Amino acid sequence: MKPSLKVKIGSLELKNPVLTASGTFGYGLEYSQFIDLNLLGGIIIKGLSLKPKKGNPPPRIYETPCGMLNSIGLQNIGYEAFVKEKLPFLRKFNTKIVVNFFGENLDEYIEIANKLSKTDGVDALEMNISCPNKETKWRKMGTEPELLRKAVKEVRAVVNKTLIVKLTPQVTDIAYMAKIVEDEGADAVSLINTFPAMVVDIKTRSSVLGTLTGGLSGPAIRPIAVRATWEVCKAVKIPVIGIGGIVDYSDALQFLIVGAKAVAVGTANFINPYATVEIIEGIERFLIEEGINNINDIIGSINEKANNAYN
Amino acid sequence: MKPSLKVKIGSLELKNPVLTASGTFGYGLEYSQFIDLNLLGGIIIKGLSLKPKKGNPPPRIYETPCGMLNSIGLQNIGYEAFVKEKLPFLRKFNTKIVVNFFGENLDEYIEIANKLSKTDGVDALEMNISCPNKETKWRKMGTEPELLRKAVKEVRAVVNKTLIVKLTPQVTDIAYMAKIVEDEGADAVSLINTFPAMVVDIKTRSSVLGTLTGGLSGPAIRPIAVRATWEVCKAVKIPVIGIGGIVDYSDALQFLIVGAKAVAVGTANFINPYATVEIIEGIERFLIEEGINNINDIIGSINEKANNAYN
Amino acid sequence: MNKFTLSTIVENKALSSDVYLITVKLPFRIDAKPGQFCILRVNGRLDPLLGRPFSIFDLEGETVKFLYRIKGKGTKILSEMKENEKISFIGPLGKWYPYPEGNFLVVAGGIGIASVYYLIKKFPERAIVFYGVRLKNEIFFFEEIKKFAKEIYVSTEEGEFGYKGVITELFQNKAKNLDLPIYACGPMLMIKELKKIVNDRKCYVAVEERMACGVGACLGCVINTVNGLKRVCTDGAVFELRELIL
Amino acid sequence: MNKFTLSTIVENKALSSDVYLITVKLPFRIDAKPGQFCILRVNGRLDPLLGRPFSIFDLEGETVKFLYRIKGKGTKILSEMKENEKISFIGPLGKWYPYPEGNFLVVAGGIGIASVYYLIKKFPERAIVFYGVRLKNEIFFFEEIKKFAKEIYVSTEEGEFGYKGVITELFQNKAKNLDLPIYACGPMLMIKELKKIVNDRKCYVAVEERMACGVGACLGCVINTVNGLKRVCTDGAVFELRELIL
C-alpha cells in the first residue's frame, strides 16, 4: 500500500508536503517544461506587490560555498498582470497556489492581501516580512516584535484564506517571532528566508552584486534552517513550513522530523529542475522502507533525548 | 620592497593581521608540528574558564555542506593548568597570545578576566559572550543589549590589557551590539562566532551530535560573516577582527577590505594545517601585485558605490 | 523544448593551456539553433553549486560540443573531467540568432567564437568572418571556419598572424559599408567598440551574465536594455545590439 | 612527526563492490607504526570539507596503502579518484599498537582488518589471527595474512567459508585461555562482545570517531573512557579495551 502523503496547512489540504519556495520557481510556467506541476504539493509564487517592481540593478547573483547570494530585489510583474497573465495558466494544474506578497509599507501589505484574498484561484497567501533587499520604514517588520504584531493583525483582518507568515532568520529568538504570528491569528508560519550576506571582489574592492548585500540561500544554510524550524515547531501549535537548503528527500525529512508539516524547495530547483519531484518520490520510498503509512506519523517525531550512542 | 603587514589592535601590535580562531588551534602546541608559530600574527587560545570543563557528550562534530557543526561545549583544562602547562611553551614563540575566556555567570567572567589580566605572557583577552552550547542565566549575554553592556563594563573594569569582545551573529543588528561593546570601553570586537544549527539523522530521528544543536562554522557562513563585519566596521571606531569561513588569502582580504584590522582563521586549520601561513603569504603577494606598501591602505577600502558594471 | 538530463563526456580535449573542447552525448537527440546555450553542472557535490552556461559550439543528433575557456572554479573542474564521466545538462536554452537571409557578417572575439561557429557552419559559404584574438595560438578551428565561411579575416594583437590590432578595426576597414546583418560575440570591450561602428544596423550579439536557473524563473541574469531589464537566459542570450545599454 | 603534504594516487583498486585499496605516494619517506592512521582529503573543492581518517594498511618508504569501505559521501568520492590525481595527506597520526613481545592474538571484524594487517605483517609468524566477515567475498588478503600469520581462523555468517557464526564465538572457542595480548579492530558490536570475553586481559582496540583536526586541537573526536573523555586522534585511536566505556 502506498503511504499517505497528505498534510494540512490551515484549511489548505496538500497532496504531499512539498512546495516550491517563493522566488525560485518563477510563476510556475518556467518549470512546467521539465516537471508535471500536478505532482507538487503546491507552488509558492514569486513575491508579488500591488504595482510591478523593477528590482535591483545587475549583477544579481553570485555563487558562494554551497550556496548563492541573490539581490533580485523582489522584481515582479505586479498584482494585475499576475492575475491576468499567470494565474489562468497556473489554474490548469491540480496543485495549490500560494501567493507570496509584500508591500512598501503596511498599507500596501493590507491592500494586496485584501485583493489576493478575494482573488479566485489563489489558495493561500504567504506574507513576506523579511524583504532583506528593501529599504522602507517598515523594513524592520520582520525583526521588531511589535511591528510584526501590528502587521500580522492588520493583514489577518482582511484575509479569509489560509495566511502563512514567512519569517526571517535574522533574529535572536525566531520561536518568539513565530508565537507572535500565531497569537495574531496567522494559520501557519514558514521559515527561513535568506540571510543578509556579502561577497567582495578583492580586485575591484566592491560588492560582486549590483547592490552591496544580497540574500544567502542553499545547502550552506540548511543546518541553521533545521534548528530554527525545530525551535519554532516546539513553540507554536500552528503548522510550520520548513525552508532552507533542501536538495534531496533526506534534507526534506529532517525538517518534517523536527516538526514541519511541509517544506518548500528553493535554490535546489536551479541545480536540478526535477528536485521537487525527486524529493516527493524519495519521501514516499523512505516511508515505505520504514513501514510508515502516513506522513503525519513522522512529522515531529524527533527524538530529543541526546543521542549519545555512536553508530 | 616587502609591504608592511603590521596592524594594531588596541595596544597590541601584530606582525601581520592573521590570527588563529579560538577553539580551532588548541593550545598552539598541536599545530607547531606543522607550522612555525613565529610566523603568525597571533594565536587565540581555546575558550578558557576558571575550572576545567568537561564539555559535551560525543559525538561532537558533523560535516555539513561546506561547513561543520561542533558541540565541543567549551571543554578546557581550566586557568591553572593553562598557565602551568601551556603558557610556558607558547611563550617560546614570538607571536601574540590572546586568551579567549568565558564563565558560567558574570562573576566567573570577572574572576577569570581579572586573573588573565594579571598573568604574565598573556598579551590580550578575548571575551566569548556567545557560548551557544551552554545553559546558564547569563546565556543571553550575547544577544540582550543590557546584559551585554553590564558584562562588558564589569569585565573592562578588571582588565588592563587589550580586551576584545567576540560577538555572536545570532542577533538582528550586530552593529548595535558592537557599539555597546565600544561604549563600554572594549579595545576591539571580533566576529562572528558560530551559528546555532542542527542536523537530524533521518534513520534514528535524533540529532547527529551528542547534544541537540551545535555551532555551524566554515566557508558556508563566510558571506554572512563578511556582511556582519562590514556593518560593524561602519558602526564602530575600535578595531574589528573578522572571523568566519576564511580558507584562503582572498577570503581574508574580503574581511580586511570591508574594514577588519585583522582576521582569525578557524575551521580551515582542520582542512589545511598550513592555512594561516599560506594566507599570510597570499596577502603579501597580493599587496605586492597591487603595488600597495602597507596593509593598512587596504583596510576599509571597500568601494560602497553599487557595483553596477559587469566585467 | 528544454531538457534536463545526465550526459556522458565523450571527449574533453585541451586545445591550449586554458581552452578546451568538450563533447557530450545525450540519451536522445536534441534540436538546437545557433546562439542557443546549455547549462552544464558537475554532479554529486554541492560545491560548485550552480551549473555554468556555455554556448552550443556544435551539434549533431545527440552529440553536443562546447568550446570553453577556464575562467574560474567551475570551468577548472570541468577541464579536469574525463571521458565517460557524467555531467548534468540543461538545454537548449535561450533565443537563437535570427537566421540570415543571404550573406552575413560575423565578429568574434576570443572565446566568443564558441557562440557563432555553429551559425557559420549551418549556413556554409555565406559568412564573412572577423575573428580576433590576442595571440596566434588562440585561434581555434581556423581551417574549419575557412571551409564553412565565405571569407575569413583574422587579427592578432601583435600581428603574429593576420591583421595587427583589434578585430573591430579590421571590421571597420573591410566591412563598414557592407549592408549585411552582423552577428557578434566577444568581450564587452569589443561589443562596445562594435556599437560605435555599426550604429543602427542590424547587429545581433550574444551576451553573458551569471545565471542560476537558466529558464527565466529566478530573474538573476537580467541586464539593462533600452526596453528595461531583460533576462539573458530567456530574452537572450542573443539581443539586438541597439537594444543593449552597455 | 606528522606531515601534511600532497600525495599522488598510484592505484585505487576495487576489491569488491564497496571495498577499495588505495595506494598513494608521498614526496618523502614516512615512518609509521601499526595502528596509526592518516587523514586523506580530496582537494580543490569545499564539499566534502573535512578529511577522512583511515588506518595505515601497509607502508613501504614513501608508499602508503589504505583499505577502505564506501560508507558515505567522502569514501564514495575517494573511490572515484584515479591514478595520478592528488590527494592531501596528514599523518601518521595517533598512537600505535604497543609492540607484542612474543606471539599475539588478533581479532578483526570486516574492514577492521585494515587496522591490524600491518601489525600482522610486521611481526611475521607471531600472530594468531581471527578474522570474521559476513560473506566469503568480504575476506581480503587471505593469502597474505596466511603467509605472515602464525595461524589464521576465519568465520563467515552463514559458514560459506571457515566457521559459521561471528568471530568472537570462534575466538572464544579457540583462544579464550591463551595468555597472549590481544589486538582488535572491528564493528562496535564485535568490540562489545569481545569485552565480555576478555575481561581484564591485555586487549588493545582501535576505535573510530568523527574527526576534524586529527591532531588533538579541536576536541571533536572524544569518547568516554573510565579515565574521562579521551581524544581518539591523539590519545588513541588505539586504547586498552578495559579503559573504554562502550
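The letters A, B, C and D name the chains in turn, as written, and every chain counts its residues from 1.
Definition applied: contacts are C-beta pairs under 8 Å (C-beta built on N, C-alpha and C of every residue); 3 or more make two chains touch, one makes a residue touch a chain.
The structure presented is a predicted model; accordingly, all values stated were derived computationally and were not measured.
Note on connectivity: the fewest steps through touching chains from chain A to chain D is 1.
A straight line joining the Cα centres of chain A and chain B is 33 Å long. Note: centroid distance chain C to chain D, computed from Cα atoms, is 52 Å. Put simply, the C-alpha centre of chain B and that of chain D have 36 angstrom between them. Annotation for chain B: residues 57-59, 65-67, 218-219, 310 touch two or more other chains.
Chain contacts: chain D has residues 46-48, 209, 223 touching two or more partner chains. In terms of which chains touch, the assembly is arranged so that all chains touch all other chains. Every residue of chain D that touches chain A in the complex is listed here, in rising order: 46-47, 187-188, 208-209, 223. Contacts from chain D toward chain B in the complex involve residues 1-2, 4, 41, 46-51, 88, 90, 209-224, 228-229, 234.
Residues of chain D touching chain C in their complex: 44-48, 76-77, 82. Within the complex, the chain A residues that touch chain C are 23-26, 30-31, 33-34, 46, 54-55, 57-63, 65-68, 70, 72, 75, 218-219, 247, 267, 269-274. Across the complex, chain D is touched by residues 65-66, 310-311 of chain A.
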